[in-house]
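One chain, chain A, links the two complexes that follow: it is found with chain B in the first and with chain C in the second.
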Partner chain A sequence: MPGSYIPTDYFPVAIVILIATLIGLGTLLLGLVVRPRRPYTQKLSPYESGNPPVGEPRTEFSVKFYIIAMLFVVFDVEAVFLYPWAVAYDKLGMFGFVEMMLFIFILLVGYVYVWKKGAFNWE
Partner chain B sequence: MELLLMFVKILVVVTIFMIHLLYVQYFERKVIGHMQARMGPMRVGWHGILQPVADALKLFFKEDIIPSQSDRPIFFVAPIIGVIAGVSTIAVIPLWKSFSIANLNIGILYILALSSIGSFSIILGGWASNSKYSFLGGLRSSAQVISYEISLGLSLVGVMMMAGSANLSDIVNAQANSWFLFPQLIAFFVFLVSAIAETNRVPFDLPEAETELVAGFATEYSGMRWALFFMAEYAGMFIMSSLAVVCFMGGWNGPELPLVGEYSGLLWFVLKVYGFIFFYFWIRATLPRYRYDQLMSLGWKIFIPLALLNVIVTGFLRVL
Partner chain C sequence: MTLPQLFFAYFALSMTVLSLLIVTRKNPVHSVIWMLVLFIHIAALYLFLNAEFLAAIQIIIYAGAILVLFLFVIMLLNLKREETAQKYQSQWPISMGIALVFAIFMTMIVGKITVMPALGEYSVEAIKAEGSMMTIGKVLYTRYLLPFEIASLVLLVAIIGAVVLAKQRVE
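This part shows the complex of A and B:
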């Protein structure tokens, strides 16, 4: 019946996720009963090898991390495009091969550009 | 009623998995110990066999320290996300001939998706701790994990082309006669190294490099919360080993063994997975840690082109 599809294949997955959540929460809550709780100011300060913490921990960091994150989006989307193509590859035949070679070629042009720009170098 | 029965069955499988997670660290300490001409844990029980139980009990009774400057809700949630992502992946692994908790068509995609979610626990944990070491560890880890996730994903494309499916049971069935290990040797190599980097293990354990970052993202975590991070890391190791066995080494396929009869498939699967886990420990005992710039250029400059090359070559050979 349209509009009333229940993905029964995924029920076991939902149950596993439920059990995993219970394991995570359960061990923490169970520990709440038995563990000691004796906090004081020094104990609760951020760890800095025994010295009083200096400055803010969340400061500027290298722009490299942003570049890597942006490149990740491009290349990961590309990998996801390859998946359905790979699964149906034997049915697509020569046409599928040529199409994907074009796609990978366009991607490689961008890859070479990024490499030449020095985005993969960490200095 | 049927749902309840399903719940109990899954609970049994997950419980067995958790016991394996508990005991794999005993295995690790023994392997590393013997490789360094030590005995490993010996005190608790016969040859230290009860050591993991003692460790777990000790962690239960440890004080739970929540730093005053931390983002409390995120700090609480981060390790739980890690455990959910790590343990839930067991759902699609085909343990035995036509036995997996859920036989999904998108098995590979499910595993990759959950391993990405797992990296969130590290990033969020590092951010929420509000400590310099944690923050740097979380940053490094996020860059490392997303870089190697691309080559991990690309290396499995060749396997999917060979099997014509992303369903893990179908992939194992396609390997009934010959493993994908030899036709996909490049992909296997890329997968192996990327899997070690993805699970933050030595020699790619930069996020928690203890000589420079104390304990990386887990610096501010103690007691049971730290144990959850630890559990997630070992679960990731199990899942990556299982994925390697399923995709490249024929899964449960193997000659029938004496005594166990029809259960030999399950035994083969477990033996192969433990072979892989032994390999992880062997590497840990042998190789020194990578430098961060080397790690990133290895991932982007060598493994991604190599994985793409594998896709092209596999496609060319199959279309002929």
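This part shows the complex of A and C:
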């Protein structure tokens, strides 16, 4: 029945998340209460090794970063498919092995394509 | 209200609030940070459906990889103009009204559902005994063989699509 199950195994995880959040918020609040607050222009300007800040902090990034991120997502998903396969490997036998090799081969085609296209080259 | 329902109420409420926070922030980077919190809440909700593996995937793929993609897109686009421009179009009250009517209808339809579908062979106890990963592995690579292999083709399209779209501009 949905809505009637409690993952009791994850109770420690919930406690850790709670403590981590409390420490994060606690230090921020403590700092807010304790620290003196005397702002002036030089103190509020971003630190650039002693020089006055020049230009915009946010500039356009190269599209190359996007290709790398996209490829990372794809191969991350591929790796995720490997986890349950590795766990159930004994039960699947030769059939499962061939199946996964086919899966990896199809993605290998994409990998070779990307390599030949030169998407891994930074220059 | 039982304890599981209380948890579900918390997650449903906080996910709605977080979604609203994501679409109303002025700074797109703040939206992405709230999205991270939303993804963690979704992962926790999967745990309450006894889907441990899916919860782990939600963290690894969504919070880990897809969020990075979002951040990169924000950095690529350099959204200075969009930030200062008017965020909402003038017809937003109409859209809000339509969404509200839709929400009312959805509540009415869901309220009508009284018969729960019969439980399958994978009960909480059966999955607990075997382990979440083992159960998924045994089903995914035998019964759902074709969808699994099709997934590799979808990923292949994603690889080639990204390179074709982005590589032209580099050269």
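By our rule, the second predicted complex is superposed on the first by the 120 of 123 C-alpha atoms of A that agree within 3 Å, B and C clash if a C-alpha of one lies under 4 Å from a C-alpha of the other, contacts with A are read in each partner's own complex, and residues count from 1 in each chain.
Criterion: a residue touches a chain if its C-beta (ideal position, glycine included) is under 8 Å from a C-beta of that chain, and two chains touch if they have at least 3 such contacts.
Owing to the predicted nature of the structure, the values given are computational and were not obtained by experimental measurement.
In the superposition on chain A, contact of A:19 is made with chain B only, not with chain C. Contacts of A:87 after superposition on the shared chain: both chain B and chain C are touched. In the superposition on chain A, A:109 makes contact with chain C only, while chain B stays out of contact range. With both structures placed on the common chain, the touch criterion links A:117 to chain C but leaves chain B unconnected.
Using the contact criterion defined above for the overlaid structures, shared-chain residue A:44 touches chain B, although it does not reach chain C.
In the superposition on the C-alpha atoms of chain A, the part of chain A touched by chain B in one complex and by chain C in the other spans residues 10, 58, 61, 64-65, 69, 71-72, 76, 80, 83, 86-89, 100, 104, 111. Partner chain A is touched in their complex by these residues of chain B: 3, 6-7, 10-11, 14, 18, 60-69, 79-80, 83-84, 86-88, 90-92, 101-104, 108-110, 127, 129-135, 139, 142-143, 146-147, 149-150, 153-154, 157-158, 160-161, 164-166, 214, 219-220, 223-225, 227-228, 292-293, 296-297, 300-301, 304-305, 308, 311-312, 315-316, 318-319. The part of chain A that touches chain B in the complex is made up of residues 9-13, 15-17, 19-21, 23-25, 27-28, 30-32, 34-39, 41, 43-49, 53, 57-58, 61, 64-65, 68-69, 71-72, 75-76, 79-80, 82-83, 86-90, 93-94, 97, 100-101, 104, 108, 111, 115, 120-123. Within the complex, the chain A residues that touch chain C are 1-7, 10, 56, 58-67, 69-74, 76-78, 80-81, 83-89, 91-92, 95-96, 99-100, 102-104, 106-107, 109-111, 113-114, 117-119.
For chain C in complex with chain A, the residues that touch the partner chain are 2-5, 7-8, 47-50, 52-53, 57, 60-61, 64-66, 68-69, 72-73, 75-78, 80, 116, 119, 124, 131, 133-134, 136-138, 140-142, 145, 148-149, 151-153, 155-156, 158-160, 162-163, 166-167, 169-170.
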